[in-house]
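Each of the two complexes below includes subunit A, the first together with subunit B, the second together with subunit C.
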Partner chain A sequence: MANSTSGQEKKSYLYFPGCTMQATGIAYGESVRTLFRLLGLQVEELEDWNCCGATSYMSIDERAAFVLSARNLSLARQAGPRDLVVPCTACFLMLRKTQEYVRQYPSIRQEVEGALKQAGIPPMGPVRVRHPLDVLYSDVGVEQIRAKATRRWHGGRLACYYGCQALRPYAEADQAYNPMRMDELLQAVGVTTVDFPLKTKCCGGSLTGTIHPVGVRLNYIILKEVARRGAQAVATMCSLCQFNLDAYQSEMREEAHEVFDVPILYFTQILGWALGGDFRSLGLHRGIAGRNLIGQWFTTPKEVEAYV
Partner chain B sequence: MLGIYKQEAYERHLRFQRDADPTWGRKITALPGCEGILTCMQCGTCSAACPLSVYMDYTPRRIIATVREGFREDVLRSQTIWLCASCYACRVRCPREINITDVMYALKREAIRNRMYPPHFPIPILARAFFDMVKRRGRSTEFWLVLRMALRSNPLILLGMAKTGWHLWRTGRLSLGYEKIRGVGELQKALASPREEV
Partner chain C sequence: MSNGNGSVRIGFYVCHCGTNIAGVVDVKALAEWAATVPSVVVSRDYKYMCSDPGQELIQQDIRDHHLNRIVVASCSPHLHERTFQTATAKGGLSPYYFQMVNIREHDSWVHKDKKAATEKAKDLVRAALRRVVFHEPLEKKQVPVRSDVLVVGGGIAGIHAALTLANAGKHVYLVEREATIGGHMAKFDKTFPTLDCAACILTPKMTAVRSHPNITMWTLSEVAEVGGYVGNYHVKVRRKPRYVLEDACIGCLECIEACVYKQAKVSDEFNLGLGKRKPIYIPFPQAVPQVVLIDPETCIEFKSGKCKKTCVEICADRNAIDFKQQEEIKEIEVGTIIMSTGFQTVDAARIPYYGYGAYPNVYTSLEVERLINASGPTGGEVILRDGKKPKAVGIVHCVGSRDENTNRWCSRVCCMYSLKLAHLIKEHTDAEVFNFYIDIRTPGKGFEEFYCKLLSEGVHFIRGRVAEVTDWALDPSEEGKLVIRVEDTLIGRVRRIPVDMVVLSVGLEPHADADEVRRQFNITCSTEGWFLERHPKLAPVNTFTDGIFLAGCCQGPKDIPDTVAQAGAAAAEALVLIDAGHVELEPNTAYVLEDECSGCKSCLSLCPYTAIAYHEEKKKAEINEVLCKGCGVCVAACPSGSIQQHMFQDEQIFAEIEGVLAHA
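Up next is the complex of A and B:
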């Protein structure tokens, strides 16, 4: 399939899925793995990783939150000197934040290292934690994606939605104010992306589950702007953004009396499809909203029959 | 849920300096990530950047000022700390590079520790359920978390969630798994190791 004959040695990465990749974000995990395979990159899942604790641990016990990530960083170091690819933005930020705070604050370092030692866990090392957007943009590159694409995009215009924690506060997946990497990667496979000023506005994260009306409202604002900018679908890079934008459209339809049926895709699904990946292995059957459009855009006539 | 604060909002009393506890303000300012509070120039950029400030009773700018003065009750009983979605928009825009998100986290922790939130308020319940689940198994499953949160806050919200649940089930995105990592013993040991008092 993928012809990685570009002369360079096969790059290998460690992969940190995180809890959502087994549940609501399963399509993200599937498409990241498929895309990496098509690009001839090796990914190996980090053995026995634990949950990052997300915002909940930070809200209860900061040190415990750092300890959770410290164990993961220790496992990553033991697994060899490879970059750790982390698609979930909550996991990504928790790992990065732990590294930064341990470096900046001697008191935190002491506590975290002490806790690992107490439990017989080897110390953490200098592991490079990376978001797939950064890996695809910096290691693979727009040109290689363009060269390897076997299908040309025939779907509608897309709005690229970057969300929050992969860009803030550390601005490593892309720059914090006007990120463009996802736009550039998708343009390389023929997608027209619209100018989208809300690309880094927060989706509210878990607010849709806790203070529901506020959470839904934030997502309504984002989708409204998507429509206003003339985009027919959204490309995301976070499982929580994807879920929030995808799952509550029927509710918005009832409340705002507006018809939203917008496919919410992962950018890795689109790239994977362009590189020849098939519908199911990219998790494209897992969308809730805009299923008709997804069917039209990503399938050959034969596959449509099996899908509908 | 938030309506609980309504009456207070209408009867807001004047603050007197004697209500303040400057020691508390200094304690928060000394926490890792919260050092910047003292340098805040009250420009309001954080409030402008915050996607949730329109729903907040105290904007992020005002939280910083109120913490600095030491009005503990006002801050910890505000809706703001619960509405903060930890999106870091304020943080990257603040001209003084103040870590407002971390201040919000510190306030959430203190409010949860002291049970300063309305009864059946879902956010602390969710955080607590999440905390316990990961401590026991090393992983979390959204389905069981949401179920626990709903049962302990307001089971009626499950009705509203049923449709979303059905969509997730239909698309194979609802995991009922109850995974446990092999290293859960060492993880628990690390979490339980003695700490310095904060």
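Up next is the complex of A and C:
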């Protein structure tokens, strides 16, 4: 990317990876960082961050979860007046929920403030927690993405799958029921997206781990409709959605008598690739299903590279 | 009546109000304490002061003890001030020698600490005892009530109210925003639960309005300005141009046929866009007035000025078409006003997961009314947008009602109209009809029986709030269908029901401009935006503004029987004022102390009721007592303190303040 930042003000963000970006969602973290770098956006990882408080914390001890999130928010505030970019939607929701609950419920506010004080941590302040979809759409914009793309998409039609946590109840990253921003961003680099009514339906969440058949069934419903709509792959924005849809496709053969081999991508991988990103730096080597298609689509022949 | 001269002799009474007051305030101690206050001659506590014996007590004491001031500590003056004023007057005193203290709403109901509440009661009572000393005997002023009535909105509520008043011999101005009267009811096919044809029962009333000698009907008109007060409202009405002279047009409709547009191409508002009309049109065949109108947005003559004007040609000698017609302002004087402005249905697109606007075969209930209606866009055939007959139809109840995300209230009519539509759709198409409901609410006369009839007709009822209307298919039976996903709460399972047509039973909500309208008329709204009645049980058609009454859905969702009943009640309330001939107004008016007025005129522009004039010869301000509403603005504003107000004299207010503060 030669002209990545020319004539543009460099915007700087704080980055909250959460545990997932280092584990099942490692490709998401890699592609977000690569894409932001290609766009000339500065990203600094929040120093000494801790667990966001989602998953088991939230279901067992809500107050403890709020306190954990509050510590992160306090660190973010101290690290300067910058927006906190959170790709993991579970982290995103947890941080936003903490802000809202502390604001709305005096008893929670007291408890959280008390805990921070006891630990000698400065109080949490007004930090803007943002999902990369929102940053890319609102701060960068579809036109910038279009202008900066160096590769034109030559892969198949995609279904954009937004999941739930980044949109509900806080519909800040996009509309709650009919989000379109991921579609618009991907269309800007030449992707044909299909009309996909299941774009905010449940991926199964943690049910794939707890009541496994139910979780897989929910995955199946989505993948079946993806195929029915004529899409060859799915673009996601949540590491849990991506993992659920990616990891259990081989199991569906027995359950649903159908064979799926559908690439489950992060939208940031596709945008990053369009902006000239490298296969491995976007974590494209990490997917499970649809390896053949991923290979075809993302290892570009030279003539496609020439597109500007 | 006694003028209260001589030494002040106060009678003080504290009411127990059962345990409402006595449960918190020590009423005995309060009465004993009051007895020690100078000028208090009699001090008593009594279980219910508002009862006949309670009132009798006051009258007897006035006679026995030559009392000349009365103070009662009880509930809110809203409730019983008039009661005690009347008792005072019956005892032979001016009712304005009475003062009320509210120790219920302001004290016993809001406090728990008995000792502190009793002390507070003493403070409040002390204020009244000091104030009442300065009271004066006043005369109520009477103003005449004009017998003409303004009815705003020509739906079934306005029509019924107007006809009732006109039949009683009063002149009515009926103002309607649309080109025809009839409102929502004119769009319906049948009415529940009797299934009689809406047009058959409505159109005779519409034509009766048109031909009634006592009704002046103005369509395409809106109220532009409201001034004055009960009995004497001045109203300006804006009459928008129809571009067709109402008196000249005979409703032959030949101009529509003759229009240079051979095909109807414009989306037809009356049919909610399901049909087409021409630029010159009549909203529906039985429209009243039976007069065409021209839509300047689409008429070629308005756009280019180069139309052949075949409409004018065919109209010939009648010369009813007037492209140059202008907006007109009519000024009228009325004594009372009836608001019957109705409702709007919820925009179904606000609920994205029901697919309205996204899937062509998702309809609103009002659209389906038009499809079923014989004079509607399909001539009464229930067909989908592609012309096919639906084989399965889902009716989704409570769309935009009972929902935190849209409106929280129950719209009251949707259950019944959904049942009616289910019956009619089945009758017209023989389709399988599914009703998706939260609860079936059928509390009206004959309503439950209608529901039972539907059950026996084989209409399906699935209890559950629909999650979404979608077109994603799980198996071949769902291909090409709309799928209604719902938790059937009676069997405890999530179900998917494939249908060809979805009807969204949209709820009722206040008009988008309801708040503007209520400001114009100076009436109040509930938090939801419905016009607020003075009392939900005992004054359901009155507003807080005297002389303005409510009828129909502008006050809240209701069905046609309730609307008509309320419209009749509103007309009766207007008749009460008209036939009394006058209203009594509180003598709380402001007056000028002529000697002290410097003639600075600063009060003139401040008066919201234009009650103050400037006397050129005397060079003083003069207040018209009849126009003064007692708002007190001029009193506060007068730089020389030369404006005073009855019932709010400086000495009265200062005495009251000192009374409250004397505690410390």
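Just so we're on the same page, the second predicted complex is superposed on the first by the 294 of 308 C-alpha atoms of A that agree within 3 Å, B and C clash if a C-alpha of one lies under 4 Å from a C-alpha of the other, contacts with A are read in each partner's own complex, and residues count from 1 in each chain.
Here is the rule we go by: a residue touches a chain if its C-beta (ideal position, glycine included) is under 8 Å from a C-beta of that chain, and two chains touch if they have at least 3 such contacts.
Model, not experiment: these values are computed from the prediction.
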{"item": "Touched partner set for A:22, first subunit B, second subunit C, both or neither", "value": "first"}
{"item": "Partner chain in contact with A:54 - subunit B first, subunit C second, else both or neither", "value": "first"}
{"item": "Partner chain(s) touched by A:122 [first = subunit B, second = subunit C, both, neither]", "value": "neither"}
{"item": "Subunit B versus subunit C as contact partner of A:218, first or second or both or neither", "value": "first"}
{"item": "Subunit B versus subunit C as contact partner of A:230, first or second or both or neither", "value": "neither"}
{"item": "Partner chain(s) touched by A:81 [first = subunit B, second = subunit C, both, neither]", "value": "neither"}
{"item": "Contacts of A:248 with subunit B and subunit C, given as first, second, both or neither", "value": "first"}
{"item": "Partner chain(s) touched by A:178 [first = subunit B, second = subunit C, both, neither]", "value": "second"}
{"item": "Residues of subunit A touched, compared between subunit B and subunit C (which is higher)", "value": "B"}
{"item": "Footprint overlap on subunit A, comparing subunit B with subunit C", "value": "176-177"}
{"item": "Subunit A residues touching subunit C - in the complex, by the definition given at the top", "value": "175-178, 197-198, 221, 224-225, 228"}
{"item": "Subunit B-facing residues of subunit A, complex", "value": "19-20, 22-27, 48-51, 53-64, 67-68, 70-71, 101, 104-105, 107-108, 111, 114-116, 118-121, 164-165, 168-169, 171, 176-177, 200-202, 204-207, 209-212, 214, 218, 247-248, 250-251, 285-288"}
{"item": "Residues of subunit B that touch subunit A when the two form their complex", "value": "1-2, 32-33, 51-52, 55, 82-83, 85-89, 91-92, 99, 101, 105-106, 108-109, 112, 122-124, 126-128, 130-131, 134, 138-143, 146, 149, 157, 160, 163-164, 167-168, 171-175, 177, 179, 181-183, 186-191, 193, 195-196"}
{"item": "Partner subunit A, residues of subunit C touching it in the complex", "value": "352-353, 358, 470-474"}
